[in-house]
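Each of the next two complexes has chain A plus one other chain: chain B in the first, chain C in the second.
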Partner chain A sequence: MASTLTPTPSPGRVAHRVPPAVSLEDVTVTLPRASGDLQILHGVSFKVPAGSVVALAGESGSGKSTAALSLMRLLPWGAEVGGRIMAGDRDVAAMSKEELRLFRSKEARIILQDPWSSLHPMKSVGSQLIESARASDPALSKAQARELAVETMKRVHIPDPKSRLKAYPHEMSGGQLQRVLIAMALVARPTLLVCDEPTTALDVSTQAQILELLRELNREMGLTIVIATHDLDVIAGLADRLVVMYAGRVVEEGPTAQVMANPQHPYTWALLATAPKHNRGERMLTIEGRPPALDALPPGCSFAERCEFTTARCLETRPELVLVDEPSRHRTACLRVQADQSVSEEVR
Partner chain B sequence: MNILRFLFWKAVLLLIVLVGVTTLMFFLTRATGDPAVLMSPPEASDAVIEATRQRLGLDRPLLVQFWETLVNTFTLDWGSSYALGSEVRPLVMDRLVPSLSLVVPALVLAAALAGVIGTYAALHQADVRGRFLMGAAFVLDGIPYFLIALVLVLVLAIQMGVLPATGGDGGVALVIPIAVLTIQGFATLSRLTRGQLIDSLSQGPVTMAKSKGLPARTVLFQHAVPLALPPLIAYLGILFSFMIGSLLILESMLNYPGLGQLLVRAVNQRDFPIVQAAVIVIAVLITLVNIVMDTIVRVLDPRLRTKVS
Partner chain C sequence: MSTPPIIRTGKTAVDPTDVVLELDEVVQTFHGKGGLKVHAVNGVSLKIARGETLGLVGESGSGKTTVGRAALRLYTPTSGRITFEGADVSRVKGRKLRRILRRRSSMVFQNPSTSLNGYMRLGEILREPLDVHRVGTPAERKRKVEEILDVIGLDAAYAQRYPHELSGGQRQRVGIARALMLDPSLIVADEPTASLDVSVQAQIVNLLEDIQAERGLAYLFITHDLALVRRISHRIAVMYLGRIVELGAAEDVFARPQHPYTASLASMELTPEHQIIPEGELPSPANPPPGCSFHQRCPIARPQCARERPELTEVADVVSGQPRSFACHFPGELTLALADERVVTVPPPLPVVPALAAR
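Let's turn to the complex of A and B:
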């Protein structure tokens, strides 16, 4: 049964089985607001190697969801996107309507933030799953699509999937709905899964189950996963690489283990210190202050206002992302780290 | 299943409306003047007026009259007209069909036009065409329907002479009133349709449908439109009652033999039995149409069908 779900090439689908590496190159996003345009992303770059899990971490308003949505060109109406978003060797922004439709239906699927408001309230779960499967593979008959839906629901551990097909979203729990959303993506047998805060709406034990499921999918099916989250516990066991975002920019990026063990940017450090799991037994810490308003970013480092190490230079000069470790491509955007580096280079 | 229960409670609602409207009409009409005085010649003696009052049964205790009216409502027997002497029921029922043949086509036309134009304007919300359409709807929405009626009469009947200004035989008489009601209904409804659709286009389920790579047509008609529909259908019920209300003036203006014209005349003549009957028929009609709309919404939206635990 599981064989239908593993990414073995079937005739007619061969062309899409190679998972694309996804990359953002200097991406800017501006959304129209009543009060004037608001720039959400200020030149975001990161790479997602095929078959890996990359996490975008940051507070709300950091731009992580916008970055995730931009990968699938799902930004709200009127959004202006600059830079390059590549899926394999294709430019997502340059795709024609039909190419984009096929890209979304067969290759890249997304799990949206809020399962309650993502599923169509007037359609049964089964009909939505079947529709999703047939969008990816129009050759599937309704019966075949239904069978695939049932198998996939089993795969994401939804009990009694056959009877659940007839259920409407409002008749199911949040955890079940999130699984349905994942199943909805998986029936398409995608190669890229974008998750926008997939566990935020869920309780802790359901969270753990969903994460376990995502890990399984990555390992067993080689699914490339991009996951936007504010919860570092989500990232710790799941992501290969970690992209830390702050006020619409990447402030640190590198292999998860390395970034977590040896954070370079004070914001990453603070983020780790405030995550409940990483300071067991102590009082919960918080990061003082709040992120700057996106329409009034300071000329220097956006984190300067909340940072313990702020110097006069931080307020004037905006730090660029620089490599701190060549082999792992661990990068950070902090003047302090860069100063340390140049000092150590001089010593050498 | 519980659709029967739903309909049962709607029937109870209808009953309450019937009793409420009857009560209200009974006391309100009697507060407006004495038909016995109005129907007698100005120089009539008190004895003549008293005789008229007795003939109409208005000399009996108020509660007796009220009880009789209530019973009459449920037996659909409203007695005889004070002014015309003939039986009220056929009088009112004969006017019902002409009125409905204005409102029903107007409602259908307005809904169809608003569906097309509202959807088009929602999809072209930023460009000139969409804005022009909504600007036009906005202006039409602001013009009172009787003014629209006057303009149509002026242009179509007086200047172009293609239609009679008032009355007319058969279908010809219907054109202007239906046009007025349609314009009035469609203006509001298309703006509402556009707003609902724009709103639903930005909702999660529609983003979800797009993210599945469904064709744009499927996203629009199978995902966005159903989300936008329930409030619009409920509004059709309200629009129906607006249109019926407009008939009072419209039919009188255009000399169209419908329920509205009958009711206005009866009120002027303090012809209580006709007023009573016409208002009750209208109230029942409006309630029934709203029940039908509610039922459609319920069938469309499964969330309303199941009890949330």
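Let's turn to the complex of A and C:
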């Protein structure tokens, strides 16, 4: 029994401590419904380099949460997954039940949007932390797990962690609870952290504190972090790469700074321009209309109906993701951009 | 869905002497378990003029929602005075309350999915305020419902629909329409866009601004979205632990914050290295700290701050000359890093590709 409080791993699990590069390769997710199957993801591919922070952005219904949750195969009952979900050299989509259980308890952990409903209201915070720690490493004794819990709470900057262990969720504020949830993930010493809108339910200053904490964990512990969010500005300072999703597809992907400073897809541009922060005009810019229903996607570009730059071709031909910038692997799926590219190639 | 016509651009002109609502030293205390007294609102004074939007910002627990609810007399204030259109409404009850205040004010809630009755058709939801206040004949009420649906850009056929058939943005439009049914002079909007997507948020804001320009409505706009409040408000009040700590014209407050708490809020728009993140959490309103309530988290606090509570004092802004007030012993000491590029840069639209530009 080599388990101690320092993050020295017990023998036999060393290989898993190196953060894996995670990637989705042409992933499709289909939900069975009485009225016919509903396809939520249509061939989503993106890579998360080891130790990096990647943000998935889009409106509600764009598939960003589904894409994030599919990394851990946390999908609604009966969901059919196609394609490959790679964590390191293993395919999450093909894991057996037991492998998946171990993967979720030891390596990949999740933080959800609403901290109030993510914790058991009738168990103390401490017992939930201990449970989480021992789920990941059954060799830990209760006392060891408790000490690990205290250390981790200190790590996420919860003041007076020892006495806070006895607190119940309702006795803590939203920001504190979100820290507890992060601690619950960290006691497992995971290598991948999936966050589904981790700050949406929180105040601005609390939001900033939580993002700061995630940034710190990424830098100091080398955690690979995937965040689904609808607020591009929130993750601008945190994410290395940005994946913009629309109607179950990736429409743009690239390094955050580059995508935000020079968006190639009209949807990315519209998302940025409609945020109150940039919306400084006399009248606010809006994206008119709504995303298409997932069971009635148009044959062409899904965004064509709401796009300012739509041409006849956009309504017929579905654009594929293509590279717009080779070294940074900035990709976008827009016919206009592709036309622009081929024009410049001809010139060359 | 048709778009509401463009009525105006920019903020409406306001005559600050034409006051719709005035709160004077309003205190709202709630009684908790074991004789615990929670001063949710602790002496708040503010005025809202016709056609003006007053943005109220603060953390959860700062008392901003309580101020909004107190303004509409959903509570009876523990002390202080609430004046609405010249009449003192702090203690009125029953029919008089309905006639003076309820008939002339309304509220838009945060979550349109839970604030509309799922068993009622939109027509019924919108007609209900008219029924309650016995306004007009049935035919007139029906016509009014159709008119208001047109204002919010929904087809008249929507009167027969149920809330669940609508998108989040459409539901919030209905929430706004319901608030407009009685032609109020004041609307309290409590985080009306918080549960909506960014693109839909902008539509709702445009609608609220159009309605204000057309009808001269006053808004008390409660939010924690700073970029939004800065855009929509004429003036902004910053609340901290039940008190207003800073109040002034929207341009001034965030550009030249005087109170360190406002400075930290304003800094959230800057890049992470320039953000001033206050440590710790909002203290409990049941047990507020002595002196300045922000002193425990304040980066520039001095011993004086722990002893004496700073009073809200009014001065003229050094640049704009507009009145502003703040409650701090060392105003303006905590300054923002110079506005960096990211704040002003609006991402450029795509270059139009000539070969494809023709539709």
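Here is the rule we use: the second predicted complex is superposed on the first by the 322 of 348 C-alpha atoms of A that agree within 3 Å, B and C clash if a C-alpha of one lies under 4 Å from a C-alpha of the other, contacts with A are read in each partner's own complex, and residues count from 1 in each chain.
Basically, a residue touches a chain if its C-beta (ideal position, glycine included) is under 8 Å from a C-beta of that chain, and two chains touch if they have at least 3 such contacts.
What you see is a predicted model, and the numbers here were worked out from it, not measured in a lab.
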| item | value |
| --- | --- |
| Partner chain in contact with A:Ser132 - chain B first, chain C second, else both or neither | first |
| Per-residue contact with chain A, leading partner among chain C and chain B | C |
| Touched partner set for A:Arg104, first chain B, second chain C, both or neither | first |
| Contacts of A:Ser117 with chain B and chain C, given as first, second, both or neither | first |
| Which of chain B and chain C A:Ala275 touches, first, second, both or neither | second |
| Which superposed partner A:Leu74 touches (first chain B, second chain C, both, neither) | first |
| Which of chain B and chain C A:Tyr168 touches, first, second, both or neither | first |
| Residues of chain A that lie at the interface with chain B and also at the interface with chain C | none |
| Residues on chain A engaged by chain C in the complex (per definition of touch) | 59-60, 159, 173-176, 203-209, 211-212, 215, 230-231, 233, 236-238, 260-264, 266, 269-280, 282-290, 308-313, 335-337, 339-340, 343 |
| Residue numbers on chain A that touch chain B, as the complex places them | 72, 74, 76-78, 97, 100-106, 109-110, 112, 114, 117-124, 131-132, 135-136, 168, 170-171, 184, 188 |
| Interfacial residue positions of chain B with respect to chain A in the complex | 126, 201-205, 207-216, 223, 226-227, 300-303, 306, 308 |
| Residues on chain C engaged by chain A in the complex (per definition of touch) | 1, 3, 6, 9-10, 59-61, 167-169, 197-203, 205-206, 209, 224-228, 230-231, 264-265, 268-269, 271-272, 275, 277-278, 280-282, 342-343, 345-353, 355-359 |
